[in-house]
């Protein structure tokens, strides 16, 4: 369980977010530029909140009043950035196994379900948009994270594949019993996978 | 009207595409890595077909047998790349007006409809994913192209905005009477906007 | 002119030439599929490997009024030997490879997809070079300029051969250090060394300020 | 040893030191929020601006057995003055700024978002540096290494002061050119200049081949 | 006479002089321009190593007067007929120096030093003179294994000043210029080596009236006095 109450000041916008992420999928929707990615990056440890705190179980990740900031390396999150940032110079295999936390069985499961088998030894930088997105997703899963942070994980996939990967994701999250914050632009997707549904508007997080 | 018949050899795949783009919207769907972006880039002049030709009205853009290859600068296309590539060091205003082909009226129309007014003087590199996508779209429109080539133009927009931008796009294309090749992963989108519907699978283009 | 101001003037003039020629050459070699790129590249890098005296000697042979080219230059009123122009020439040639190579590395690290989009928008290759490539490679360009300027500021071996060591006319700081040591004035030489150090420090510090640390640290 | 092989050995040894120290320093300055980055930066760039003789003189003061440090080194059996080690030291210090600065510019041009993803995957900063940052900055790193190696190969002023000009022991190619010119053997000097040119050409050509032109042209 | 003066007042010359003569030359030039009401910029003096200066003249650089620190460089130009009116301007002597505050070796006890610095025999005239002198005095065999060869006389001074070497042979003028760092302990007897002559000449191609006038002044008795202030010794036929 992760609870947070943070603010992040951006030149264009003040982002204020407070909430509790329980085991299972929480979807995050909201209009473009409303602050979704900023919230995800704050949880991953890539953005320093201006004020506030983030606590996982009893571990304090962030507390600006005490000047505590846990490095991203210590948080063991599974982060999938918006824009499918792969390690362009590495093969798909080395991309996915970069975290070294997964094992042989998880790897072959990921490779199979994401249809990446035939690209195993290809440099990730030359892949198509959807292929790169699957690599980024596989890489986050292989890290066996304590929480999954997915920033539009399926936006570049066609509907068949999207359907299938979505089911696989729901299964894995259920099996691992971890919380997952899932940003999506697709109302149906949010309805179908979200056990909890959050919404973001003009920097303000609404957790219903 | 643009007619083409090309092949592009990729390490993983041979892409073969033949078709005619008439005035109005042609949607292009197909699974990830099937060759959609490669076809779009070939039309834009950013990928050299291995063999084949591309002809617009009476102008030969590509003819590999005669070693003809018209530079992208000479084609006057409106290209919106997958992955929303903006000019990160320039303001939104300078991004959109980069082509210098549009005018004051078109600019304010674009700024309004894409909701970019308040970002006008902000560097495009610091914008959110969806904001960057709108900049890339506005930039392609401002070029007053003879053909629009859109590679997943709305994938990073939430559904309200997506609906609205989609309608605006359809209007503009109708008004300008130009052909548009529109790659999308969204079946509904393809159904709604496509006057012609193409599909790509394993490198093979099916034009129905 | 005092060695300090003369050095600054010579190094700045050299830098201007280096930047203009360096950007032009980079543009041409990036834009056109010139045969023998590797050869051109090597030749342009030679002044870095050759001991400066060798470069100075080659310049002396070429520009001295004793030779055909030098005689012609003299007939139209241009004197390179024993003149400030000679010092600028020596510094330009010695500093050039540093700018040229650094800029080339920076330019070739740019994501070509960004330049490609600009092409579809009808921008000429020249406009793309100046509005997209150069701004995106600016860290490399500033670094190259600093390296070339610093090298020009410290140039000695080629300068003393082609420009001579004439107080007030061609005696730059490195030549002044040499001359002062020759007459045993070590404290005078040390003073100039201190000037050079202060200048370098000031230069890099102001670049640091101008780029708001962007050249040195990562912004978050 | 002949000046050719000696030069190659000295320049290669210098390059190894430059790369190790250059990468290490770049890592530390990138990783930690060291106070006075601009100062460190300036000091590291000084050997580029200072005339090599000044650098040589400073090295002589530090390493000469007449001084405390030099005497201590001698007592543990290390002799820097008049030895190959002196030549390597001089070349390393003179070539260092070129590698250091070029690599820094390349590293700071990397998209930090890529390194950020690696952080979330639990990779240590050191692992990120070697598996992400360096491979993505390789063009700058190869360019920096070429610049530093070339400069080391041509180093004269500092080397002759600290290492002396001892045939077979410390007489590198630039020193040999100097010595031959001094005794009026111009054709002998010219032969060595040809060697240096051929070496540079060969070096850049092989880098061209190894990188399959990737360092010189854009791939599509 | 009036017309000649008008001529000279518009002329300019460049004098290439051995760097070791710098201090003396500056004074000579200042005196001369003051006495003849010339502009200081009319006489530019280019200081450098004698070899460098010779190369510049060989390549046709606009030098009018050449003062070399040794006869060999002058002779090379003479052989090519590039100079005329060659004559000895002044002379130097060879001295032994040691680091200030360290043991004051004499030439006779050079057998006890660890390192003795001299100029590279083939390229540095001072090194050649030192070799001659040491051979003549019969200590060459003893010191040979201890020799350290330096790039030029300045490097010898630097090695001694930093105590990298225990002693070294340099010209008297160099030693005097660095007298706060090194101590002169001995002088090589004048007959133990060839005379250390600084020849002067006019560069044929770039002769003009000002060059001739200044040449005449430099070789005058008046100029000799100034040179001696800086440690140079007069040559028998200098002031005729």
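A, B, C, D and E label the chains in the order they appear, each numbered from 1.
One rule holds in what follows: contacts are C-beta pairs under 8 Å (C-beta built on N, C-alpha and C of every residue); 3 or more make two chains touch, one makes a residue touch a chain.
Note that the coordinates shown come from a computational prediction; the quantities given were computed from them, not determined experimentally.
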Number of steps on the shortest touching-chain route linking chain A and chain E: 2
Shortest path length from chain A to chain D (each step joins two touching chains): 1
Partner chains shared by chain B and chain C (touch criterion as defined above): none
Label of the chain whose CA centroid is most distant from the centroid of chain B: E
Chain whose mean Cα position lies farthest from chain A: E
Separation of mean Cα positions, chain D and chain C [Å, integer]: 19
Centroid spacing, where centroids are CA-atom means, of chain D and chain E in whole angstrom: 37
Distance from the mean Cα position of chain D to that of chain B, given in whole angstrom: 48
Touching two or more other chains - residues of chain A: 83
Residues of chain E touching at least two other chains: none
Multi-partner residues of chain D (at least 2 other chains): 178, 181, 220
Which chain pairs touch, all of them: A-B, A-D, B-C, C-D, C-E, D-E
Of chain B, residues touching chain C in the complex: 44-46, 71-73, 75-79, 81, 83, 85, 87-90, 98-101, 136, 139, 143
Chain A contact footprint on chain B (complex, rising order): 11-12, 29-33, 36-37, 82-84, 115, 118-119, 122, 126-131, 133-134, 151-152, 155-162, 185-187
Residue ranges of chain E in contact with chain D within the complex: 51, 76, 99, 120, 122-124, 148-151, 155, 158-159, 162-164
Partner chain C, residues of chain E touching it in the complex: 14, 16, 19-20, 22-23, 26, 41, 44-48, 52, 55-56, 58-63, 154, 157, 174, 176-179, 181
Touching residues on chain D, where the partner in the complex is chain A: 111, 113-114, 116-124, 131-132, 135-136
